[in-house]
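Each of the next two complexes has chain A plus one more chain, namely chain B in the first and chain C in the second.
Coming up: the complex of A and B.
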């Protein structure tokens, strides 16, 4: 599926061990621990119910939008939990526990009917907006309707127009011809104020994940200001907007109509929250270390200068975490560009690649990531470890096996092909150069082709005709799923039916019936255990196809301010859980 | 004098139109000449994995499907007449000078720039006062005490000031006086009208760093100018007439030496008002400089156009003011 975080933030994180029980503060269920390196990856650090204080966030970028219906950044999905309640959400707890999708505004998971074509949710009857009015299912339906008009909300995901049953003429969203189209989406029905029924075009077993996206957070139609709604979304979460200076400063204050009993995955500990946008990234790090700032909202880790400082100081290191995120850095190995259309030529690349140098290109084992041997990162539900091409046992590459594969490929002396990368991303440039150097001894000559990241997918690597015409056998890329299961991870990058003429994300152009069939079965299988078993099978098949060269499971060094309470890495977001933080 | 000012104002309008045409061509025409079509341009503003229909809708909404001369005409029209914009639930009016709507945030560009102006003006004016007073004073004393220890020391410091970029002095000052010894902790812009003391407290470091860079230049220029002027015959005549030394220095010497300083001051202040990019970035101050960086990062063409026009306006106006002052100082300019 789509990208929650490409280019903006690494989205998900591994929590290696499962959380356990008992936590004092809102939503934090997991074992508590005293501070230490990586303490917040698997447990709650500084658990507390203490209230008060101003929680300060800083961010070196700006939000794509504060409107829950119009955002696709991972850190924004994390932040929106402070002021919204979508139908479902991720359980607030560290470790594997935090990958569970649980009811938020809904009273329970969706009830599947009509052979998987309908999903019914009942919403809590006593949740209120910040003005005291009660949330109804119509407010949720309206929130979904808004996502159909990309001229007003262009930036969020577009799952609902894709998944819901179509109507004729196509539903244009509630903004055009408002009197007619408001509540005009036929695929979503609200038989009573606490029930909402989604009618799908075809069965889709991951629908609970889809409604965990902030786009199902209720929006009162009368309060919707369209493109200006981002300036003051109407809150259902523990905090509401006091003010928002666009791209500068957001100030949140407690929502007096919020009740902890209806929102167990969030808390209302701080008496005020400020988020300063568009700050100097190094300034953020220094303020964190000086205690002037509490959280780096981007959640992608500290910069090189602060990293060196933290890793060289025992006390600072004890206040930091280095989780594996759900982001994978990898190379697409194109299955259509000759001679890479030959499996053995692609396998030669898999064997010859020096994984250690690729890891170094991305920043090394702490800031870059862990050498990857599978396509799915460890925090994707159902992922299993395997290593077909000796990535972990021979990380320097296996030249002998590479040459053997080249013989089978009919290219015993090697071949020439191009590699595409984003020239304004130094890490990708270095990775391309590292691969070029590693393949040269095997006789595989790579020519480097750099492109601007803004048009990388729309004009170059994501355009199959361009790729073929320019003999681009390899393309660099990165991926994080919109939800942490195998379908969420693999569909958009490996399913044959996702290959598109521009903006293509299946850049390797894999169209393997085995993979397609597994994905198709996964989409229609509601039994979680069966569905998750497909994850490893798809992963194995893609690696057997040598269609992707995994580089690293991304990691980021997060500094955990000692001022904070209830701190832990929420594995789905790959950063601290912003919905439950408090201050000492 | 009034004719002179009117003439210059008319020239200013033409200059701004030329600047807008060049900027528009750089960001709208050149990408097309390089092969990018309006559909590809629109894909940058539709989020991820957009459908073709969605891209076409955005292309039409942003006006990217129109001929370039129409797009440019719409841009100029917005500046003069304002723009009506459909926000979804209502149509809002962006009054002139409307520099259009951000492709990213879908908010009018002009109010965003206006809200950034107090930061940039506070930074530029405060620093300008410091560097003008400090630089000119040091330059005068150095010139009058030529060859002394003070002269050599101050000129050495001036050389260092010219050589050290803001991203060095700024980071150093932050490291020492904000992070290590929190004399100026948590630097955040506070409007003067809200709390003058906090306003000044939070701007001290940026002012000093910026003024250090410029004061050095002004000290050296003032010193050179004063040395040249004080060796003129009319200065000797003034002294021979028995005028007090203070009058000789400030009325006859400094006035003549300040003329070139005035010219460069106008240019420098105009440039800074357009956005002290590095200083604002270093200190995380949300002025026009940071606005510019963000606009470029987002490839937000209306914002880039807007801030370029505003920066050009400041430079042109600052030069106009300097020229007017020049005309007062030197009547020959008026003719």
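Coming up: the complex of A and C.
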């Protein structure tokens, strides 16, 4: 379900609290000239080829798993680039350039055959694992096979079981099916050591993005220890695991068998990398500002205290970036719960909502995000700006228009409905209250229903029967796509055929033939330009349906340590590109 | 065990006479109640506590009528970039004497006043529930003894050993948004009263049981029994009036405990549903939303409110105990 897990990670980081320790001296090694606020969003700051030093990461939580086949956190996808080479990856460069998917272990993008049903990749013949053995296509096939066993690797996305041609009996994964030398998956064929062919159940134009997920990073079958593989994933990237004390400290050292010529999207500048887990979030900020720590691995931005410190000092501000993270915070406007099943009642909500207060609820213009008027955030390829409901021109809301829509809806005095939110996410609690306060003058009375985030999709907001029975006309939500194109963004949250009885992500239950048709066209169009032109059309139609009330394109305030070289924000991750960092 | 016939001449001056009982022989026109009141009045600390308690009750009852709407947003008083109120000390101004809430700009004074209503309502109702159950169970256990006492005493042990906080969190989590003909915050308040009151009664029960155990051997009980009084009459007409003092004292001391418990439940997110304010909920916001780091004032105010309330009740309760039972301390 998209990068839902990323949201959980963000919430964890934000919910962390406690006394701050360490000195709050601030200032860092301030003498070095800073490149300026947001400099790393559009360009490389401190470009350098200088080698050496220990690059230190800190994180206020723990990784879901360091196994490239078993992780769904955006920052982990970013970090895995240090020790893995998936078939494809995102080009290492700032700005829109960084949204391109390019070959990594593969020699080129997938070759489509059999009317879109097969995707063939050739892999580089001279890439080696950290022990010197050569990577073959069967190592990639094995990595894909592992993702079929959700009992061993439950945390990563499950695109391969969903997209690949099914076999009977269903393939259970290599931990249970030990036949054929562990090569039992029929939908992936390896005719020779450098060729891998994926057979799909139906055409899927975005397949290059799917193989850019770290799950295609090769895994040697003999070295796989199942759930414990995360303690020492066998490296193909610039760094390899020296040690990993579970959830405490990860130490990476250069992989001597890695060659820059085969992996242009990563580099090997630091002589050692440490990642300390479970640090206090405010402690991380203080250490960053003091120069004791180089990067906050989570990449979701500094805490409120450090935000105040950074933004009120010109020199600190010049060493920070405020990129769009790729997340959209929004409200689902349910199209099935009366009277919200009436378009005009939903439009009334769109007009009456006070977008400024919603933005403040999520943390304001710097730490929260930019007021959104479209469903797709600007770092989705093909996104176009438009504003149907005066979100940016009248951010305080338009009560007159809301009341006019209410009349058209047949509810001139307003109506009552429920709003669902995750009660353990302070920002969503704030947003729900802000919307409640903003809709009250229009006569729309919201009753607040908080649910635990762990079961929000499985038991409450993601269960249409529950939503209908409890009259939940509005549900808070957040979404980031697994890959940055319109299909990746819209399919799960707007396609009619994704409505499911539990774990539903199309919570607004939109089943608009126009949207469905555009999405299915998009899935089968391989020409990138044509495909991306559908993005804005889908976006426009969803907004015309008033099925989603966009709140903010999430932003996070990142502190760019002056010690770092080659720093820039990779827009796909919405954080610094960890694969290329070096030290002065 | 005292034999029923082994009694000293009846109608004597009973030094442990009940608070309002034994009417016939008024000494110099001063009842025991008057004596207690006189002692209490001399105790300046307890009186101060009492005045604060009365003031708090008045605030809780009439305050919400006087302050502004606690749910109105004042976005213009908030710096959106830092999420904190403009101006020093959490945006204190003439219009908002205790400042405004970070992020929303809601008036803190009116939220504290509305929060007082909720906190005190829950504290009083749950105390009443705990005292009601505790007195009945304690008096029965103490008077009848034997297996009745054993059963009740073991039940109290079970209740005291119960992991209450975990239970409360789980219960509030599983109860649907409407049940028992109640919905929303009415349901939450009923639930909190039930959880807090139903699990606090053993404390009261134990004290009452102990008091009853000593009282039931007294002459006046024997006398009542000898003229043919039955259990219920003795329990509620002879014993209960003698228990008024401990009941009063320990209720006063139970109220602050319950206020703190309600605050901790709200703090854990299983208390009152927003936007309805409660003190624990405000503290919780201050910590989980990180307000403490950008606007400490917002954390100090509900914290102070809880502190003052709990202290006032405790001081008053202590003073009351000294006044009613001068042998207990000093």
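Just so we're on the same page, the second predicted complex is superposed on the first by the 549 of 584 C-alpha atoms of A that agree within 3 Å, B and C clash if a C-alpha of one lies under 4 Å from a C-alpha of the other, contacts with A are read in each partner's own complex, and residues count from 1 in each chain.
We take it that contacts are C-beta pairs under 8 Å (C-beta built on N, C-alpha and C of every residue); 3 or more make two chains touch, one makes a residue touch a chain.
All values derive from a computational prediction rather than experimental measurement.
*Asks:* Is A:111 touching the first partner chain B, the second partner chain C, both, or neither of them?
*Replies:* neither
*Asks:* In the overlay, answer first, second, both or neither for which of chain B and chain C A:225 touches.
*Replies:* Only chain B; A:225 stays clear of chain C.
*Asks:* So in the superposed three-chain picture, is A:437 touching just chain B, just chain C, both, or none of them (first/second/both/neither)?
*Replies:* A:437: touches chain C, not chain B.
*Asks:* Check the residue A:423 against both partner chains and state whether it touches chain B (first), chain C (second), both, or neither.
*Replies:* second
*Asks:* May I ask you to decide whether A:201 touches chain B, chain C, both, or neither, giving the answer as first, second, both or neither?
*Replies:* neither
*Asks:* Between chain B (first) and chain C (second), which, if any, makes contact with A:400: first, second, both or neither?
*Replies:* Neither chain B nor chain C is touched by A:400.
*Asks:* Considering only the touch criterion stated at the top, classify A:365 as touching first (chain B), second (chain C), both, or neither.
*Replies:* second
*Asks:* Per the contact definition in the header, classify A:338: touching chain B only (first), chain C only (second), both, or neither.
*Replies:* neither
*Asks:* Spot which of chain B and chain C makes contact with more residues of chain A, would you?
*Replies:* With both complexes superposed on chain A, more residues of chain A are touched by B.
*Asks:* Mind sorting out which residues of chain A both chain B and chain C touch, each in its own complex?
*Replies:* Of chain A, residues 282 contact chain B in one complex and chain C in the other.
*Asks:* Using the touch definition from the top, list the residues of chain C that touch chain A in their complex.
*Replies:* 71-73, 75, 78-84, 103-104, 173, 177, 184, 269, 273-275, 285, 287-294
*Asks:* Where on chain B does chain A make contact in their complex?
*Replies:* It is residues 36, 40, 43-51, 54, 57-58, 61, 86-90, 92, 104-107, 112, 115, 171, 174-175, 178-179, 182, 185-186, 188, 281-284, 286, 290, 294, 299 of chain B that touch chain A.
*Asks:* Touching residues of chain A toward chain C in the complex: what are they?
*Replies:* My answer: residues 14-15, 17, 20, 282, 303-305, 307-308, 311, 354, 356-357, 359-361, 363-367, 423-424, 426, 429-430, 432-434, 436-438, 447-450, 452, 470.
*Asks:* Which positions of chain A touch chain B when the two form their complex?
*Replies:* 2-3, 6, 58, 62, 64-65, 72, 149-152, 154-158, 161, 175, 178, 224-228, 230, 245-249, 276, 278-280, 282-284, 286-287, 289-290, 292-293, 454-455, 458-459, 492, 502-503, 505
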